[in-house]
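Please find one structure pasted underneath; my questions will follow.
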């Protein structure tokens, strides 16, 4: 009898330990958020978003950082989304099970686990040196695109796998070709889940620091990449330009890192302010992804 | 009628080829990583003997008296990784067992995505937290703690990795067939016995895969250690003093304007190579274990 | 019933991996009649019907040997366009499987993928197909609502309308009522009888009563063999083979 009672106590004790272990991380996250708000909330304001970095901490802002982040995100998305979805479609819908496919799969699994700083080194050797893209938006965006590619590939595959085969059969039975079936039925049916994966991938790219530092993106940047659209008084009035992709840049996490590395207290407050903005972006994106996933759950 | 339409056929083939090219990009990426790392590393090893690189206990590429021994950097990586794993594995596994065996389905669906937010927080934020919150906090208990140290960096890194361990282990335990559990319950076992004696061993290869992946992640983590652990390559296992990890060194040297082609520049690639080899081996082992586990249960 | 033969199966063998599913099946289908393929589960009736529009091609380890002649053309010949074939020979599946799109889009899909974009033309086909599937009155005011919001029986009739929209000559029904309640089943059976005026229909069923109700001809398959084939009335009253008799009297599954 007593050993049974002991077992029951063990069960109860483990339940508490389990809850504690599960919520410990979340508790830390709450402490972190409170800490950052206390340190940096007073920096958040109009000027903080519209000022360039400065030697005086109280005048410094994140203008070049958030604009740079948007540039980098767009560049990353342009490359990573089509390539990732395309690769996911091939592996899930076309590839036959053989050693070659096996090789690609193990390769993608490994790439998903390669430290991000290695992608930076790859970018340094390949994009910056060999392709002479220098420390440009394009080089940074390409690096992050390669970095998040496995995330998009894996979530695309998972999304396509969850589309029931009866949908494919119905389409084929109407005389649709393979690509028509994928393009008109399978992809739309899996769209919600693919979108979730894309948002998660982009939210990861927003926060990446190390690979961009490796290509030397950490410099004082008191200007913005060339705007893609500019207006003028004379004909043709509207000018389009791709120059921005070849301009140097900084991004939010790098600006934060820069400020954290300074000894002055004022810059640490700037860093905390930047972190509040960065956290707001990533938490919003993750929230959106969780909501989407939840909404997609009860489909079939 | 019913004859093949060559234009349609050609279009279908073209699309398949195009999609295949997308897939091959990942192979190309790996090849490019290896090529870039190797090509610069070869230059490095023309100047530095491999035996010195592997056995010298000093790493001083920027000093006049240059030493290129990877051991201090490996040591720093090892210390932070051990601390992180020391936090992430127990917490992650207990949490996984709880989620898989004790929590209701509804709770699991709420908690898992919440935990994943922990892994989504940018690492530079964790670095800030380790340097400016955890270290000052720990100093109140450990007076000898330096401003930069492996301990807080490792602890915070561990917290970041908890979701990775718990989520993947929970997936593994969840895949253990209900029949195994029911057999044990029918004999009058309690939950805790079922969890530890039945489910945990049955899911062991899946759990091991998760832990190995966590180790790989800890080895490769960069910003937390670059911010909070210091920049002093030391051949020590002391977690209270400033050290430097492989990743932090790569960041440090990238910050300066190191001229292309110098030995200092090449150290980036040698360190990258070391890091790549370590994580590659771990990733592949983890992948194989996970696949073997899936073959048994799915 | 002196009529043209539209499909001939000649010496069909099929394999899944090393396992033989169909054993030397030879069978003719007459145009504008209903033929029922009947037999216990695992007898190969579903495999047989899926050979007729080459749906089995999608299964990796599947192999087919023999001939299927549709209007004299060998469907397994190298130069046959499988997508054209499937427009001639439509199919309705076991479980209603409408696309997760609107009712209208479901029916219009088969026409759209042929590259037709004329809105009025498609509207016409959608209406005509839904009418032929006896669904028009029920859904004409909500064509743009999701097809998945309909009842199971209505979903199955959407699938029938969808198949009719591409103007096939033959329609294959693979146990079309197995997921439906008796009332919905009766409606589908009624519809099949109506459709045979214009189409050749082949129905797979494990329900002997259903075979008796809807079909003109019945084929009985058992363990991959075609045991018996003939006019339904004859099969059900004077079966020639002992196995057919045992099946009809419920001696096995």
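Labels for the chains are A, B and C, by order of writing; each one numbers its residues from 1.
Just so it is clear, contacts are C-beta pairs under 8 Å (C-beta built on N, C-alpha and C of every residue); 3 or more make two chains touch, one makes a residue touch a chain.
In this text, all values refer to a predicted model and were calculated from it rather than measured experimentally.
Asker: Among all other chains, pick the one whose mean CA position is farthest from the mean CA position of chain B.
Answerer: Chain centre farthest from chain B's centre: C.
Asker: Which chain has the mean of its C-alpha atoms lying nearest to the mean of all protein C-alpha atoms shown?
Answerer: Central chain is A.
Asker: If you average the Cα atoms of chain A and of chain B to get two centres, how far apart are those centres in Å?
Answerer: Here chain A and chain B have centroids separated by 17 Å.
Asker: Averaging over Cα atoms per chain, report the distance between chain A and chain C in Å.
Answerer: Result: the chain centres lie 48 Å from each other.
Asker: Report the inter-centroid distance (CA atoms only) between chain B and chain C in whole Å.
Answerer: 54
Asker: Provide the list of chain B residues touching at least two other chains, using ranges where the numbers run on.
Answerer: Within chain B, residues 8 contact more than one other chain.
Asker: Which parts of chain A, given as residue numbers and ranges, touch two or more other chains?
Answerer: Answer for chain A, listing residues that touch two or more other chains: 177.
Asker: Which residues of chain C are in contact with two or more other chains?
Answerer: 83-85 - these are the residues of chain C that touch more than one other chain.
Asker: Could you list, by residue number, the parts of chain C that touch chain B in their complex?
Answerer: Of all residues in chain C, those touching chain B are 70, 73, 75, 79-81, 83-85, 88.
Asker: Using the touch definition from the top, list the residues of chain C that touch chain A in their complex.
Answerer: Touching chain A: residues 53, 55, 58, 60, 83-87, 90-91, 93, 95, 97-101, 109-110, 112-114, 159, 162-163, 166 of chain C.
Asker: Can you list the chain B residues touching chain C in their complex?
Answerer: Going through chain B, the ones touching chain C are 1-5, 8.
Asker: What does chain A use to touch chain B in their complex?
Answerer: Chain A residues touching chain B: 7-8, 10-11, 14-15, 17-19, 21-22, 24-26, 28-29, 31-32, 35-36, 39, 82-84, 86-87, 89-91, 94-95, 103-104, 106-122, 124-126, 129, 146, 149-150, 153, 177-179, 200, 203-204, 206-210, 213-216, 218, 253, 256-257, 260-261, 268, 271-272, 275, 278-279, 282-283, 285-286, 290, 293-294.
Asker: Can you list the chain B residues touching chain A in their complex?
Answerer: Against chain A, the touching part of chain B is residues 8, 11-12, 15-16, 18-27, 29-30, 32-33, 35-37, 39-40, 90-92, 94-95, 97-99, 102-103, 109, 111, 113-118, 120-129, 131-133, 159, 162-163, 166, 190-193, 195, 213, 216-217, 219-223, 226-227, 247, 250-251, 254-255, 257, 260, 268-269, 272, 275-276, 279-280, 282-284, 286-287.
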